Amino acid sequence: MDDINVVIAGAAGEGVQTIGDLMTNAVAGQGYSVFSWKEYESRIVGGSNSYSIRIGDGLKNAPLAEADILLALNNKATDKYKGIVKKTGIIISVRKEGDRSIPIPFSSIAKKRFGEEIYANTIAIGALVSALGMDAGSIKEIIRKTFSKKGSDIVSANESAFEEGFSLAGKECVDMCPWKLLRKESGYYVISGNEAIALGAARGNCRFMTAYPMTPSTGIITYLSSVQNQLGIFIEQAEDEISAVNMAIGASYAGIRSMTATSGGGFALMVEGISLAGMTETPLVIVLAQRPGPATGLPTRTAQGDLLFAVHAGHGEFPKMIFAPADPKDAFHKMVRAFNLAEEYQTVAIVISDQFLADSRFSVEDFEVEKTEPYFQKTDTSGVKNYRRYRLTDSGISPRLYPGISEHLVCADSDEHDEYGHITEDLVKTAPDMVKKRIAKLEGLKKSILLPEEIALKDAEVVFTGWGSTRGAILEALGLLKMDGIKAGLIHFTELWPLPEYNFPKDKTYWSIEGNILGQLARLLKGEYDIHFKGHISRHDGLPITADYIRREFYEKNR
Amino acid sequence: MDDINVVIAGAAGEGVQTIGDLMTNAVAGQGYSVFSWKEYESRIVGGSNSYSIRIGDGLKNAPLAEADILLALNNKATDKYKGIVKKTGIIISVRKEGDRSIPIPFSSIAKKRFGEEIYANTIAIGALVSALGMDAGSIKEIIRKTFSKKGSDIVSANESAFEEGFSLAGKECVDMCPWKLLRKESGYYVISGNEAIALGAARGNCRFMTAYPMTPSTGIITYLSSVQNQLGIFIEQAEDEISAVNMAIGASYAGIRSMTATSGGGFALMVEGISLAGMTETPLVIVLAQRPGPATGLPTRTAQGDLLFAVHAGHGEFPKMIFAPADPKDAFHKMVRAFNLAEEYQTVAIVISDQFLADSRFSVEDFEVEKTEPYFQKTDTSGVKNYRRYRLTDSGISPRLYPGISEHLVCADSDEHDEYGHITEDLVKTAPDMVKKRIAKLEGLKKSILLPEEIALKDAEVVFTGWGSTRGAILEALGLLKMDGIKAGLIHFTELWPLPEYNFPKDKTYWSIEGNILGQLARLLKGEYDIHFKGHISRHDGLPITADYIRREFYEKNR
Amino acid sequence: MKKTDEFDNRVEIQWCPGCPNYGILNALKGALAELGKSPHEICLVSGIGQAAKLPHYLKCNFFNGLHGRAIPVATGINIANPDLTTIVVTGDGDCYGEGGNHFIHAIRRNPDLTVFVHNNEIYALTKGQASPTTPLGEKRRLKMSGVEIPPINMPAFAIMQDCSFVARGFAGDLKHLQDIMVRSIRHRGMSYVDIIQPCITWGTHPVSWYKERVRRIGDDHNPEDKNSALDIALTKDGFIHTGVLYEVPSGNIFASRFRKEVTSRPLTGLEIQSPEKIHELLLKFKPV
Amino acid sequence: MKKTDEFDNRVEIQWCPGCPNYGILNALKGALAELGKSPHEICLVSGIGQAAKLPHYLKCNFFNGLHGRAIPVATGINIANPDLTTIVVTGDGDCYGEGGNHFIHAIRRNPDLTVFVHNNEIYALTKGQASPTTPLGEKRRLKMSGVEIPPINMPAFAIMQDCSFVARGFAGDLKHLQDIMVRSIRHRGMSYVDIIQPCITWGTHPVSWYKERVRRIGDDHNPEDKNSALDIALTKDGFIHTGVLYEVPSGNIFASRFRKEVTSRPLTGLEIQSPEKIHELLLKFKPV
């Protein structure tokens, strides 16, 4: 019972999401780790969506290409997805589909037995619960709770629908379904990247979030808005992304930690603001949730296509930081780090996620909430007579005060300025000194940025480089390759700008693995270190990288 | 009489610009080559500005740090600029300033003799003409023409003022002024980078320019607007840069060559539009006139700080081109190339200039207008039944038609699309194929981009890399270093993305010379080629790089 | 007269079944047929949103660009080729939110475009946030306790700024809508129709709720009377007043001076710039 | 009462000698003194332009940001610390051109800010292009044959959208301007003053030309009367009507629900978020 992958497929609006969410919670509630990811089109109803739930004994936070159980809600979905079902797997679908299938015409049964198609979902859930060998009682409890607000008639109709599905599948299952998900004592958090980012921001003492809706980043502000009063975080929907980034900068200047989040197109609109934060030395945290571009691209899919753009975003020269968390737990802590370092270095921190991390639900054993702490710069101004917001210092970090909190005036300027924040045209000293002061912060930053994670490096002949949310899949690929007898290791970056001092081992063959076509991290590494790549494993079809995909591409390109 | 540098200094609004322009034209009218550059503050009146005119027998298109003649219109200007005057030079100023100076209290004489301070400028011109040993007659003719519209009284008062200055200086000049600018037969065009860019665009058959004013790019649209009827180019001031870039894209989609121009902050706002042009495969030409950043920075000064930003501008992955002309003649032809290649590859061409190139006036012997020709893609659709705007091809280039010109429908989409331009969600084939199609254009582009210019490479031990408008100064620095016995060469880029196939000679010591602090071209080259830099000569104080500066920094950093 | 089905294509429509956008699409096809247009004479321009998908579902030239930026793209198209019937199809978020600045300046610029705003008082494609037209107090994602800022009244603004054709349509009254569309497309200069289009998935009210509140403007209203038009646009009686609010002959149309002084032909048809002209202008840079 | 010179600093002013901006600067110092404010209680926010340089010339906290983006920055400041007297100093290009979208949405959002627009009907800092308020036919750089598109009427828009304080001032009538400023800063919610500020370097007319055309609004105007306010704002009699056009108690002020339900203190003063709260919320992600 170590690793089961269930795929639920159907049209948007047909219940894929509802069934998937309920099953994810139900399975997790039994003490299993789950990993769920969605694949959907940019429309509200119709099309074809899928929801994969990977169930494990231990953590298994990566997508799988193959399914043990396919639950297809309509025939189109059956056609589209039947190919991913393992030989040992089964299909639960409207029609009979080969030997290993359980045909249940959900809608017509629902209509016939309960008068309304709406019960089809609950029938499907019953079938799935049966196929997985789960205890019906506790799931029925969840169903009761879910529908309790709708009155006892609806509750009991759903109970019956559940039982109907359960028993229909039960009969067919007999020889086909080896699975038995008995209740266990362990328990995991099940959380999406967006939710973890939101909570990490809260933990980092963020007090203001503003954004303009943009898939796949919207989940962050949506979640925060639902708990804003509890947390004391003010939430504002902006009229556009330009306003969002400037509001965040204003609030930060005035003394509260602030953030915004967006995707590629909205990020493009924020670029002038990024340069403003760099010049005025205002801390700013931006989450960039990637989706495939250019332009509108594939709005509901995933990609890692904006790294080089983010690293170089903004006119002129100034330091910034780039984080790219690997999973929700990492994202939680990275947010705290982003706020801390943005404040310490008084500049912009960009946290890059992607649709896959943003929307998928991962299992987390323990968040170690206390591990990373928000810390605050303290500026002692007792005795300061002549406060200078941009005082020249060796570290490039000047004493930062907030306006209105003391008698000291806090003057921020987007023009080149003197130590007081007033416009300067002194090209002999002040202007070049200020350029140097800002750039000097890079030195400190390079030391604050964490080194990449090294996995199985010692014995490795082949070493992959990766970044961000692909970590889980690459780790799994290392396992697959090991079984093939290939010694492979990984150097994985979750903090990638400014690149830290780091020595790539010399005797290895390097391959990059990235969700883009140009090999963007590889390019960045080549510009900074002495490293050559033998090949690039690239995915650019909008889907997340899987272990399977990596192995296949590796063999393909290595021939 | 080979190389004279005249510097005119004073407050904004005091006449520096007027005197400088008139003298530039007057000297050029005598058959000399001139090179003029301005240095001014971001204000309309006051401050301290300078206007340098370098006069030569042959082309001398680079700024000099030292002056042969300083004309200082007020005492503050004398104080600020007297340090740059050569030992063999002279100062013409309000007060006596050392031995080699000609004191002429311009304003008070003007007031006393002509009743109005306004004649001070003409007095100063007279003095300068005298010091330069020019023929008074032809300059008086220019003065007559200049004031002819204001009536004969004004004309004759100005003539007298001119004579007054001429004779006052003449008396003092005797032993100090060796210069003799006799009329010659040759003749040069004298033109700024902005004007040359504008005319190059016209030559490239641009029919629509739209921009939002932003120093130092505004000169382009200002000039074009003054000749729009003659050229048949429609000019529109946009409400913001986002509108500008989208209007240009719309017009280009509909079938006319279109452009916009801006500086760093405005460019930042256009970045989403750049990605749109990349996705919809719409030709687009953007001029990016750099000034020092970040944010507002030093709005009237020069820099080369936006290269990496421009190269990576736009979310998602798509091909684009970057040009960086060295001087006005080069800019003229680069504009034609930008329009041609943007059309051929159906994507964005960014032409990077800077305040120094944009505003300075250079001499040009012959523009060779015919050397680069606008050429147009012809799409033969006779027999085409089933027109597909985004037909998959090996080169990545699809047949482009204009809407409304034929029965064929031209459908452009910012979402990922199929060959017809309709939204696709087919991740198995259509979407990844389209990504590959767009990226495939890079192959052709790499071959279309010109190789860097190689100067004195063969014998060189030290090789500089440079790009854009610093070419003149670096060439001059090679000469200075040669006199010091140093064998130096140059690899200069004026077309820099995508970087072409190129082999850097192995046995050289490389130094980069750039108007930025991070060595941006050097980083780009490191990421692309096998090259190491021994050092970086960087200027980041808002002033243009001069030969002098290069030599000094080279010795400083090479110790 | 042309037939409506000339504008049909075989692209699968991604709107929810029953969405009033279908009706608007049909009204537009009807209007274009009524006007005798052929697909290749038309260019639809849109941004991003549910409304902005419409161009895919009608046989025509189209440019489906960035969120909020349809109007500048359309303006550029209009410059290049004024012979095209260029129509902007946009949403309340697209046009009044992200694209607000372009809209207010387009009214001043007065290009010969038609702008249809599918106003569903919501950001539908991104699943239900408030838009600039969401009424006070309505519950929207991110504002589950009710929207706190009042909606924008763009028709009133447009009338005030002398936009020469301002109308309001309703996706539940398609005959009327089609009439308005025909008039607006015929109008020279910028014409603007705000179309009430209930979102049946994320919106607060069903189409029937709107039906009860829609009132056609009576014949006693003279669309040339600016004050009366403004009055209707500003009326807050709980009803939605549909019809042509304001229609006067357009003053200066965008680029008209250039068309008069330089060329009245589409710029797409101009000869290639002659090198002689360049030489001629360059000569002015040769001081004598 | 405070003294005006408390707001003096020793920064060299970069405006042209005689520019009416000097007068506005003095009126602002006067108004702040009259209100008894100290420099550290004030935060001026500006974009880029001649007007936008003002914060440098007045002793105070300031944020001199990007062209067109002063209002969002000020809104952010207001969120963090509503105790600061936050004033936006902007130009007609800054506020109605590049920043147009923020302005129209700020009116809806109604933050407790004061917005002073130095309206010189021109882009002065970039040397004389037309701005959104340049009158038709005036000659401007890039439009040397005269501007072809009509100006925008933002005061009228603001009144229409129920901005609760809308006034027009004149840099040639400083006493009156100072009074208006005092009232506008006192006003709770967004207050907006469009200030006629002739540009004597690039503009078409000298200050005297404007003096002849400025008329103070008479006492018979009731600033609570929206229709009458709108009438004055829309009047095109060749005169410029100065004074408070519209002033009513502000309805919902930005963030007021949050201030009521969560905290009325400035957010800058909140305790650090407790890890317990995070644990509490995380628990909801643990299915049982």
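Letters A, B, C and D name the chains as they come in the text, with residue numbers starting at 1 for each one.
Here, a contact is a pair of C-beta atoms (placed from the backbone, for glycine too) under 8 Å apart; a residue touches a chain by one contact, two chains touch by 3 or more.
All values derive from a computational prediction rather than experimental measurement.
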- Query: So which chain is the furthest away from chain D, centre to centre on CA atoms?
  - Reply: A
- Message: I want to compare two interfaces, A-C and A-D. Which one has more contacting C-beta pairs?
- Response: A-D
- Message: Report the inter-centroid distance (CA atoms only) between chain A and chain C in whole Å.
- Response: 37
- Query: Using the average of all C-alpha atoms in each chain as its centre, how far is it in Å between chain B and chain C?
  - Reply: 40
- Centre to centre, by mean C-alpha position, how many angstrom separate chain A and chain B? 44
- Note on the structure: Flagged in chain A as touching 2+ other chains are 41-42, 47, 239-240, 242, 265, 272, 276, 280, 295-296, 413-415, 423
- Note on the structure: Residue numbers in chain D touching two or more further chains are 14, 48, 65-66, 97, 100-101, 105, 132
- In the complex, go through chain D and note every residue touching chain A. 11, 14, 39-41, 43, 45, 48, 53, 55-56, 59-66, 69, 71-81, 83-84, 101-102, 105, 255, 258, 261-263, 267-268, 270, 272-273, 275, 277-279, 281-282, 285-288
- Residues of chain B defined as touching chain C within the complex: 24-26, 28-29, 187-191, 195, 199, 202-205, 207-208, 210, 227-232, 234, 236, 238-240, 242-244, 246-256, 258, 272-273, 276, 280, 367, 369-370, 374, 376, 402-415, 421-423
- Using the touch definition up top, name the residues of chain C that touch chain A in the complex. 14-17, 48, 50, 65-68, 97-98, 100, 123-127, 129-130, 132, 141-144, 201-202
- Note on the structure: Touching chain A in the complex, chain B uses residues 41-42, 47, 242, 263-265, 267-269, 271-272, 275-276, 278-280, 292-299, 301, 303, 305-306, 308-309, 311-318, 413-416, 423, 425, 427-428, 431-432, 435-436, 438-439, 516-518, 523-524, 526-527, 540-543
- Message: Quick check on the complex: what are the chain D residues that touch chain C?
- Response: 97, 100-101, 104-105, 108-110, 132, 145, 148-153, 156-157, 160-162, 234, 251-252, 254, 256-257
